[in-house]
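Structures given as structure tokens follow.
Below are two complexes that have chain A in common, paired first with chain B and then with chain C.
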Partner chain A sequence: MIVAALPWISPGLLSPGLLLAAAVTAAAASLWLLLPRGAENRLARWLGLALGAVALAGLVATGRRLGGLGEDAVFLVVSLVAVISGAATVVSRSPVYAAIWFALALAGVAGVLLVLGAQFLGVATIVVYAGAILVMFLFVLMLAQPSGMAPYDRVSNEPLLSAVAGAVLLGLLSLFVGRLSAETPACCRVPSRGAALTTTSGQAAAPLPAADAAATTADPLAENHVARLGGELFGRHLLAVEAAGVLLLVALIGSIAIVSRHGDPSGELTAAGRSR
Partner chain B sequence: MNPLALLQNALLVGAALFALGLVGILARRNLIVMFLSAELMLQGVSVSLVGWSRFHGDWGGHVLVIFVLTVAACEAAVALVLVLQAFARTGRLDAAAWQTLREDTLSRSVDRELPAVDIVPPVFPRLTPAGVLPAADEDDLLQREHV
Partner chain C sequence: MNLLPSPETIAALVKIGLLVGGLMTAAAYLVLVERWMAAWVQDRKGPNRVGIPLTKVRLFGLGQPLADGLKIILKEDFTPRHVDKVLYTAAPLVILAASLAIFAAIPFGSVLPPLGIPGLPDPVPFLVAPGLDVGVLWVFALSSIAVYGVLLGGWASNNKYGFLGGLRSSAQLVAYEIPLGLGLLGVVLAAGSLKLDAIMNAQADSGVWYAFAQPLGFVVFLVASFAEAARLPFDLPEAEQELVGGYHTEYSGIKLLLFLVAEFLHMVTAAFLIVIMFLGGWHLWGVTGSAQDITWVQCLIRFGVLSAKILGVILFFMLVRWSWPRFRFDQLMNLAWKVMLPLGLANLVTVAAVEEFRPQLTAALGATGAQVAAVAIPWAVFFLGWIAAGMLTPSGTDNTPIRTSGPLDIEHELVEV
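Coming up: the complex of A and B.
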């Protein structure tokens, strides 16, 4: 029995499909055990944590097989931080703990973005999400959290089906990721920037001076990252920036209009809701 | 790491975050935790987009992630106001409190009885009093030179 199980344990002998299937199954079981299901069971929680570790090990092994994961220790660490804290966000009983785990997941995601060369986005994720959006969540929690552990925080809607759905989605996406290849098919080749410029303007664009050509290079890893990202954002995507500004204004006015109680009877309903 | 491996690993991380957020949205009943799960899905998409952007060496993914951030901020503002209003009306942050909005063909979800939990009140450390309380001078308290 043990000898028969050995090839399954040794990762070198396990086929990629089996490895992925084992990891996904362990992830589903772990999420099902860890999600709140009414009665708290310490054994189920420990078993869920152990299965979660097995699922993470399987995913890391899948990543190593695809190549590279583990060469870059920083990428491995920050992605593990992001995924583990994401899972903790989902399974936390208390919404305050969920928000704090989400902040840690954001830190992990910002690390992943930095490793991928997106310096501005890494910092913007920390500033905008952890600094503004998460604080807004915590404010709402302070305003709206009933005291003690609410019964709806201790149960889940269909925990088994949800965990299986998430794990199946993860497995399918991982299969797709494993089949990516380096060469682009001829149908989907993106024209180079210069070609796009000549075709859209109808005539050949004036040849750029050397300095400008260096400044508009499309490689995110070159120097002057933020300056070139700003140039791209406010040059090629200027109309979208304007639309985003209008969207922000609409959201601001809309949320004020929703929260102000003039002319509707929700004021008395508020008092009724609080006294209940 | 070669570019393809980096892209694949970034996509794996993005897929894991997206799947976790999906599980949270499907399973949890607290409205705020559901919104946190939606934000987790957005984070997974951001990681994937930046991975593709790195692979192709262009700015499309970066710009798209900036707009994702903008829309997420708008969505969080409007959604949290709605959550607050919902809490003011029902006194609960429960998604099932709004099940009167369901279709006629769906059956009503009924909560089963939960076993009671004993919530242990937190124990805070007691500070030992340091020294004696000095006697306050009444005149001094009433006539301060500066505040």
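Coming up: the complex of A and C.
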């Protein structure tokens, strides 16, 4: 595998920080080249794609150096899907395609969460984002463009600034997460693959050592995952849950208020129905 | 590195093979059953000619699925020039993949008797991913992914009938997901688990199927799953008389086949869910028992009971298809938002109240009395809800045009700006 062989090509020559900086720069340049500007430039696109591949390889290599990336092929695949479709979301020329790429990015993120053992979060990402919000997006996009795309759909504002800002954010996050994963104390370390899917490993069912038992009871990713999560949410975080619920209710009432103001004030719709 | 797959992986692969093979065969033969059912309802004979190829043996037409399949696969896979080629190709794949992946979390039997294979935890459940703790949510998530296939198929076809079908369908599927979820929630609340096998076991242990304990939830879920499977009377996405064929108007050959198979799988999924969540799954009083340690005979009986129930629900789906006219779109939406949503909420509140006060009920009435009350209260709510829905909700059958100053005005404002 090319990706696996990469970090061993030049051992010792590049420090992780330098490698990360190079990868992030390549990613920024690639995004800048790929972001839509109205006029088509074939050369810029190919160059952007090549740079993007370089950036991805660099990021994977950095991940291995920082020790955050395991041998897990499934994890590598889903995370690459997430990253590539995330980039494709911002650079695609058609809003519908952008929405589809975004859906794929969400699927990748959900896959990462499933691999890590956070089943509820993974599935909820699909239900809430891909299943509900994005379908609404697509619905509106398809309805709103009977006569082709508007100019603001095809051109990105400030491609340079957004590419640089994104790259800086990516670099900082990678450094931070890398440092965290290097320093995680033993008590808080969770097995990178939970008993999520039996197809991944037979070792998931192996009995835990007694020393880890305390960590397991505190770990919401262990057995009876959803029950533990629920207990945590409605125990320690009850106030936050209630606040979010009230917020959603307010938004719901607000949307109904807006809709009914746009409708006929005499309420003919309901009157027609009620008259029977 | 150990290259040999673990016994669990092999078990999962075997289960996947059995499930996919079984589902595909079932889908093919269910088409035949559906045509027989149509013929029976319409008092004609239906397909009864095709038997064993190259002989004159007819076998009641059991060779028909093979002939149908060969015909549709060998047809020209025509792609019109005006379509968006990538999404046009991706749409049927998305919808079929999503509807097959749903079955990772759906049990298709009880458990096998202990096999004693090292490395394989006993007993082996009839479930591809037994470690998945969020089975119900998984089903819900992937059925919401199936909307993409319909929506993209309609849009990529670049055809007004296909597009209208896709839009109608996505609106319908999104709207009915809410009553579907409310119906699910009542069961999840009562069983205390998101695992479908645990829900079946809970019904087998108590002996009270949730269709009896939560009649309102059952009706809401049944209607919503008809709508989610886009079966008559909810088949607006592909209303033949209005939209030619809806979102798959432009499709032909193998791509059309993928769409049709996915549609049938949606119906099969709905039947599985109805049986597992409301009709007791593999449980039948006095026949299957409720213990987890079972013999091979009991294992087969349970499998048979589950399959028979599922077939029964599918036959019900088909009978309804040939008995009811299609809804109009505003009636469909009225039903979802003004009838099914409040009824689903009423069911949820009732179930929550009963579950919350079950200890007090038991203390006041004794175990048997509490059980009777826990069934009687939801039935009272069911009839009250039924009467209220009949009296209060708009039936929406008058045909005067509805005038609202809606989206069109907003568009004008935008243009002027």
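As a working rule, the second predicted complex is superposed on the first by the 201 of 276 C-alpha atoms of A that agree within 3 Å, B and C clash if a C-alpha of one lies under 4 Å from a C-alpha of the other, contacts with A are read in each partner's own complex, and residues count from 1 in each chain.
In this section, a residue touches a chain if its C-beta (ideal position, glycine included) is under 8 Å from a C-beta of that chain, and two chains touch if they have at least 3 such contacts.
Everything numeric here is computed off the predicted structure, so don't read it as measured data.
Participant: Identify the partner contact of A:A73: answer first if only chain B is touched, second if only chain C is, both if each is, neither if none is.
Facilitator: Neither: A:A73 stays clear of chain B and chain C.
Participant: After superposition on the shared chain, which partner residues are touched by A:A132: those of chain B (first), chain C (second), both, or neither?
Facilitator: Both partners.
Participant: After lining up the shared chain so the two structures overlap, which partner does A:L106 touch, if you call chain B first and chain C second: first, second, both or neither?
Facilitator: first
Participant: Kindly classify A:V246 by the partners it touches after superposition: chain B alone (first), chain C alone (second), both, or neither?
Facilitator: After superposition on chain A, A:V246 lies in contact with neither partner.
Participant: Just chain B (first), just chain C (second), both, or neither: which does A:L43 touch?
Facilitator: The answer is neither, since A:L43 touches no partner chain.
Participant: So in the superposed three-chain picture, is A:I258 touching just chain B, just chain C, both, or none of them (first/second/both/neither)?
Facilitator: Touch partner of A:I258: chain B, not chain C.
Participant: Tell me the contact category for A:A124 with respect to chain B and chain C: first, second, both or neither.
Facilitator: So A:A124 meets both chain B and chain C here.
Participant: Comparing chain C with chain B, which touches more residues belonging to chain A?
Facilitator: Greater contact footprint in residues on chain A: B.
Participant: Identify the overlap between the chain B-contacting and the chain C-contacting residues of chain A.
Facilitator: Shared contact residues on chain A: 120, 124, 132, 136, 143, 269-270, 273-274, 276.
Participant: What residues of chain A sit close enough to touch chain B in their complex?
Facilitator: Within the complex, chain A contacts chain B at residues 31, 35, 38-40, 59, 62-63, 66-69, 71-72, 75, 79, 82-83, 86-87, 89-90, 92, 95, 98-99, 102, 105-106, 109, 112-113, 116-118, 120-121, 124-125, 128-129, 132-133, 136-137, 140-141, 143-146, 148-159, 161-163, 165-167, 169-170, 173-174, 177-178, 180-182, 190, 193, 218-221, 228-229, 232-233, 237, 240, 244, 247-248, 250-252, 254-255, 258-259, 266, 269-270, 273-274, 276.
Participant: Can you tell me which positions in chain C touch chain A when the two form their complex?
Facilitator: Listed in rising order, the residues are 6-9, 11-13, 87, 119, 121, 129-134, 137-138, 140-142, 144-145, 147-148, 151-152, 155, 163, 166-167, 170-171, 174, 177, 194, 334, 393-398, 400, 402-406, 409-410.
Participant: Chain A touches which residues of chain B in the complex?
Facilitator: These residues of chain B touch chain A: 1-13, 15-24, 26-30, 32-33, 35-37, 39-40, 43, 46-47, 50-51, 53-54, 56-59, 62-63, 65-67, 69-78, 80-85, 87-96, 109, 111-112, 114-115, 117, 119.
Participant: Give the list of chain A residues in touch with chain C in this complex.
Facilitator: Residues 96-97, 100, 103, 119-120, 123-124, 126-127, 130-132, 135-136, 138-139, 142-143, 195-199, 201-205, 224-226, 262-264, 268-270, 272-276 of chain A touch chain C in their complex.
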